Amino acid sequence: MFRNQYDTDVTTWSPAGRLFQVEYAMEAVKQGAAAVGLRSTSHVVLATVNKAASDLSSHQRKVFKIDDHIGVAIAGLTADGRVLSRYLRNECINHAFVYESPLPVSRLVVRLADKAQVCTQRSWKRPFGVGLLVAGLDETGAHLYYNCPSGSYFEYQAFAIGSRSQAAKTFLERRFESFNTYSRDELIKDAIFAIKETLQGDKLTSSICTVAIVGQDEAFHMIDQKVIEEIINSMEIKEDAPADQAPLQEEDKGSEEAPMDI
Amino acid sequence: MFRNQYDTDVTTWSPAGRLFQVEYAMEAVKQGAAAVGLRSTSHVVLATVNKAASDLSSHQRKVFKIDDHIGVAIAGLTADGRVLSRYLRNECINHAFVYESPLPVSRLVVRLADKAQVCTQRSWKRPFGVGLLVAGLDETGAHLYYNCPSGSYFEYQAFAIGSRSQAAKTFLERRFESFNTYSRDELIKDAIFAIKETLQGDKLTSSICTVAIVGQDEAFHMIDQKVIEEIINSMEIKEDAPADQAPLQEEDKGSEEAPMDI
Amino acid sequence: MFRNQYDTDVTTWSPAGRLFQVEYAMEAVKQGAAAVGLRSTSHVVLATVNKAASDLSSHQRKVFKIDDHIGVAIAGLTADGRVLSRYLRNECINHAFVYESPLPVSRLVVRLADKAQVCTQRSWKRPFGVGLLVAGLDETGAHLYYNCPSGSYFEYQAFAIGSRSQAAKTFLERRFESFNTYSRDELIKDAIFAIKETLQGDKLTSSICTVAIVGQDEAFHMIDQKVIEEIINSMEIKEDAPADQAPLQEEDKGSEEAPMDI
Amino acid sequence: MFRNQYDTDVTTWSPAGRLFQVEYAMEAVKQGAAAVGLRSTSHVVLATVNKAASDLSSHQRKVFKIDDHIGVAIAGLTADGRVLSRYLRNECINHAFVYESPLPVSRLVVRLADKAQVCTQRSWKRPFGVGLLVAGLDETGAHLYYNCPSGSYFEYQAFAIGSRSQAAKTFLERRFESFNTYSRDELIKDAIFAIKETLQGDKLTSSICTVAIVGQDEAFHMIDQKVIEEIINSMEIKEDAPADQAPLQEEDKGSEEAPMDI
Amino acid sequence: MFRNQYDTDVTTWSPAGRLFQVEYAMEAVKQGAAAVGLRSTSHVVLATVNKAASDLSSHQRKVFKIDDHIGVAIAGLTADGRVLSRYLRNECINHAFVYESPLPVSRLVVRLADKAQVCTQRSWKRPFGVGLLVAGLDETGAHLYYNCPSGSYFEYQAFAIGSRSQAAKTFLERRFESFNTYSRDELIKDAIFAIKETLQGDKLTSSICTVAIVGQDEAFHMIDQKVIEEIINSMEIKEDAPADQAPLQEEDKGSEEAPMDI
Amino acid sequence: MFRNQYDTDVTTWSPAGRLFQVEYAMEAVKQGAAAVGLRSTSHVVLATVNKAASDLSSHQRKVFKIDDHIGVAIAGLTADGRVLSRYLRNECINHAFVYESPLPVSRLVVRLADKAQVCTQRSWKRPFGVGLLVAGLDETGAHLYYNCPSGSYFEYQAFAIGSRSQAAKTFLERRFESFNTYSRDELIKDAIFAIKETLQGDKLTSSICTVAIVGQDEAFHMIDQKVIEEIINSMEIKEDAPADQAPLQEEDKGSEEAPMDI
Amino acid sequence: MFRNQYDTDVTTWSPAGRLFQVEYAMEAVKQGAAAVGLRSTSHVVLATVNKAASDLSSHQRKVFKIDDHIGVAIAGLTADGRVLSRYLRNECINHAFVYESPLPVSRLVVRLADKAQVCTQRSWKRPFGVGLLVAGLDETGAHLYYNCPSGSYFEYQAFAIGSRSQAAKTFLERRFESFNTYSRDELIKDAIFAIKETLQGDKLTSSICTVAIVGQDEAFHMIDQKVIEEIINSMEIKEDAPADQAPLQEEDKGSEEAPMDI
């Protein structure tokens, strides 16, 4: 009722100086399946929840390789995320072709953010409805960025986006100070832990989770399902009781997923 | 009443981060005649219901050959489906001309999804109102994809879309684990069974159903009506009683077809 | 009342997945004067009702020759039909010029349908308000198609469109099984009978009806009014009583024609 | 009240399949000053009422010469009519330049109708608000067409458009069967009679009426005012009484002219 | 209240076949300061009221020279009038350059009207809000035209437009029959008389009135203020009493000028 | 309430023939800080009030040099004024480059007015919200023009625009008859007096006022603050009492400035 | 309620001559984190508050280097600010390339303002939602400008924008008269003091504040966090009590930040 004249057009400011359509697009990110990212000085790990729409289907990809040194995990409208990923790939290829060196992560992130910004300032477009965790490694080390629909981006030590991501963020905040010195395997393990937090009691299996890594001497790639399976198994032995309590601590309302993010 | 300001324009986000116009376009898929697809490791079978508008007319085609190794079945607006099929054909021809090799199925599916996504982000267009089951065979084996109006796509072992497709999905879920090892003929048979499920007691005849196959050493083609007739006849002998009960199990409300999908 | 926010813009989906503007355009076809088509294996006959707007005027043409082997009959907005006919003529001429062979009927029908589909997906256009019966003969034999404003098309053995076409459809359905073996003259006779059915008791004269034929060794042309007169006269002798009863059987409400289809 | 959502945009169909904006544009024709046309086998005569806006002004032209063999009379928005006349002149000139022969009347009429149709299918235009009587002579004889704002056209033996044209139409219908054999002078006389009918008792003088003719061996030209004066004078002697009664027979409500047609 | 859905967009027809936005634009002409024109066979005189906005300012020009043989007087939005005048000047210059002869007045008037018509048929423009009296002399003699915002034009012996122009029209109608034989000086005198009529009792001085003339052997030019002063002085001697009564005869309500016509 | 359908779109006429959006834009001029201009036969002086937004800031420039012989003072949206000033500068430079002579003031003013007019006739633009006093010297002498958002312009002996300009206008009207013979210094002095009038009792200091001059043998330039200071000081000695009374005479309500004109 | 028809479209003027959408965009600046700038004759210092969105993230950059001699600090939508910064960088690079000299600060500021102005006059854009403090050094000395969304700009001795900036402005106004003679270090110190004022009692640490400087012989660069830390520490010793009282003096309501400015 109160908002009705300022929140249907992306080029209309509200009297309080807000762009409601951009804020609404950021809601779409919160409704997507959760994605987490965390980094040490040498590696970045991305992980996503991949619930298949039915027994018959494979899950929809939420992690995309952009280049050997960069990958992204998305939450929100997967179609928008895929289109942006293709744009990122083209940027990397063009840069590599012209300069014969990989595109620095920070520059790629800015270009992505600029592309998102344009969609917040044209009346015949809409803001993208997807958030991207960009993991990359370049001469300045390992990086983890979050690009949101408003055209802003932030660098993170570790972050979680999407449905019920608050639990994962709480988990990550308790530990993030030691991430910089983590080994490759410790990073992966904590990424899976964080994903587990977002499930709120649902059983974590290797089939509903994708983990990818990029690091020194290690191009961006998905981690084998078997390796993840083993880690999950080892986790269950240690952490039986605490995991049961986690869902009791916080209850996220945004648990039903949007129809476009099956 | 509640939705009235956010659901008439495809570029308007709702406060909850949803694009209602895209969701409505997905409703159009549910109103089209049913289509099913299922695959083994070597073959993919597509089948559709083809009710003719009247005795005087032939039915409208719902299965299209795209290339020797790819075909699609559609549910929803047939005009939209036909336009997208033509686009797919052009993509295949161009790829074959340039690279002298068939276009991999997964890449075709992405291009189709990207084309659909564009229509969800321009104020002067509308999302396509059609879902496509894409069946194809390439160097990585047999594939079955579902492309929906939102610009998303999913890989499936077996899937059913369109009016009363839930019955077919239930049928397919009971059996899908053995599909990978099915022979060519078993696949066709189960496709016809699945179609039968969507008819909810209406008699299945070869004239109201189209079946197509693509497989190793077998280019995409429609299966002869006589062959289908024989299979249906053999089915009736075995399965008299159970088939009668099927419609009692579930009643789909979306049974009346939309006027544009005669 | 209920539809008020989804049915004024062709690019707006209703919550049930319908495009009301396209459906409304199809109503325009129902308001045009009736047109019928029927085919044997070697000939296709088109016939239309041509009520002149007044004694002073000739009637408006409803049948158009497209090429030697193709012609169309329209119902609905005649201006839209004329513009589409011109498009069809250009397509035929271009094909003949490039390939030195006549354009196959099925390919022409697809191009026409694609042109109609575009008008259902642009906010600054409107769907065409005309239905076309396309009669043609090519290497695959005689064909009769119906193209409707939604961008769909159907192949028919015989069909009737426009105002009070239901009576003609009922007549055609009673006989259609024998059409394939009809002689040229039998086809013409039944076309006139079908037109008579749509008049609901109004007297049929050669002046209010146009009949056209295309067939083997016979280019598409209008049949001479005198020939039609003779057929009508011979019909009246035989069928006096039954014809009087026909209008009693069914009463079509859409009897008043739209102002744009005088 | 009932029409309020379907009748303000030319690209919006009403639920009953009508384009109200096109129908409204046709109302503009009815509000213009009357124009009549009639033809024999060798001549076509056009006549219009030309009421000057005030004593100070000349009347606005309603009859335009297009080419030696073609002329038009308009009713409705004169500015729209003038713009269309210029278009017709260009078409004739271009055809004559390219083919060194006069443009056949029927082809000119189709081009005019196509131009009008375009304005009924673009959201940023409006239908033309003018009706044109096109009189012409070509190898196929004398022709009289009526082009209306919807993009339709009709061939007539005789016709009247504009304000209070019904009286003229009634007059013409009583006599039209003999027009084909009329002499040049008889045609002119009956055209003036028809114009007189539309005046409903107002005195007919040569100053408020324009008459033009095209015929064999006679290029399209306006007939001299003196000749018309003489004919009117001769008419008055014969027909005093009947003319007085005419206005009593029918009373046209659309008698006040629109401000744009002064 | 009644008009609310048809009168805000220039491309929307009302149900009665009217374009309200065009009619409203014509109201703007009525609100501008008055302009009069009158012609003999050899001369045309234009005159306008030029009330300065304040003591500090000069008045805004309302009479524009277009070419040696053509000039215009405007009423309504002066900015629109100035833009159209520049267009007219360009047309004259181009014609003179190409054909080495002056552009006939009637052709210039048609081009002006066509330019105005375009603005009545595009949704993103508005009709011009200015009326122009075009005075010119060419091989066919002296001409006076009135171009109005609808794209219509009329030839006049004498005419008055703008605020309180009715009094001037009444004056001109009493005398117009003798204008053709007027001398140059008589024309000027009557133009000043007509302007005086529009002032409704306000004192006429040479400073609030501009008079221009074009005639045989006399290029279009403004008449010197002193000459006008003398004529006014001579008038006052003769016509003292009658002038006082004029305002009593008719009271024009549109006396307050629009803000844009200061 | 009464205006609600005609005053939100610049291309919509009101039924009374007004363009409210243009009138509203003229309100913006009234809300800007005051500007005055006055001229003798050889010099033109412009003066503006420059209240700084805070102690920390310099004031925003309201006087712009266009060329050696032309300058402008603005009131209203300063951003719009700056953009128009840049346009004027380009016009002067281009003219000087092509013709090697300075652009006459009157021609520059017309181009400025034409640029403003375009913004009153396109639906996707808005009228400029700024008024410009244009001071210039060319072969025809010294000129002072006022260009307003409607695309109109007026030549003035002296004028004041902007907030509380009525007091300055009253002052100027009392004296304007002698301006033509004023010396350079007298002009400057009266400009400062006029500015003082708009302050309504606020103390006039050289820091809140800019004065610029153009004249024979004197290119357009700002007058040094010290010179202004001296003049103000000399004024205060003479005119103590009368200045106190001025604000009592008239109270302008539009005293609070718009946020965009800080 | 009162504003509802004039404040949703940037090209619509309110009856009082205001552009509400531009004013609303200026509200967005007030909601961003605070930024301050101050300058001596030889140096300019910029400082911003950088609250990180969470423990996990780095803060978002609010200070951008444009060229060696120019930098900006932003408040409001960071995405808009970043896009504008890129534009500024391009302008500097192009100028340097063409003229081989640095772009003067004042000219850069005008170009930035012009770019902002365009977005206030096109219906399909929106005003930028960001304010920029531009600090630069050129041949004319050190400069500090503020560019706001309306397209206006102001030169300042010192200024603060963004959330709770009033406290900083008050602080700066007490001291600004001595800034011109400040040393480099004194400027930095007062910038940090001003930032401290905007925190209203929150503890100032080097991690939540960025300080940058440009000066003679000193290219624009961020000041090291350690240096800032030392300054803050030294401040705390001296100013314990007064800092506590500051928040009591004034309470800014706009303390909650907008979602897009995380």
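By letter and in written order, the chains are A, B, C, D, E, F and G; residue numbering begins at 1 in each of them.
Assume a contact is a pair of C-beta atoms (placed from the backbone, for glycine too) under 8 Å apart; a residue touches a chain by one contact, two chains touch by 3 or more.
All values derive from a computational prediction rather than experimental measurement.
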Common touching chains of subunit F and subunit C: none
Interface numbering overlap (same over half, different under half) for subunit E and subunit F: different
Distance between chain centroids, defined by C-alpha means - subunit B, subunit G (Å): 56
Whole-Å separation of chain centres (CA-atom averages), subunit A against subunit G: 31
CA centroid of subunit B to CA centroid of subunit F, Å: 70
Multi-partner residues of subunit E (at least 2 other chains): 9-10, 26, 123-124
Category of the chain touch graph - line, ring, star, complete, other: ring
In the complex, subunit G residues that touch subunit F: 5-6, 9-19, 22-23, 26, 110, 113-114, 116-117, 120-124, 146, 148, 150-159, 169, 172-173, 176
Complex contact set, residues of subunit F against subunit G: 3-4, 7-10, 20-21, 24-31, 53-58, 60, 76-80, 82-83, 86, 119, 123-127, 129, 258-262
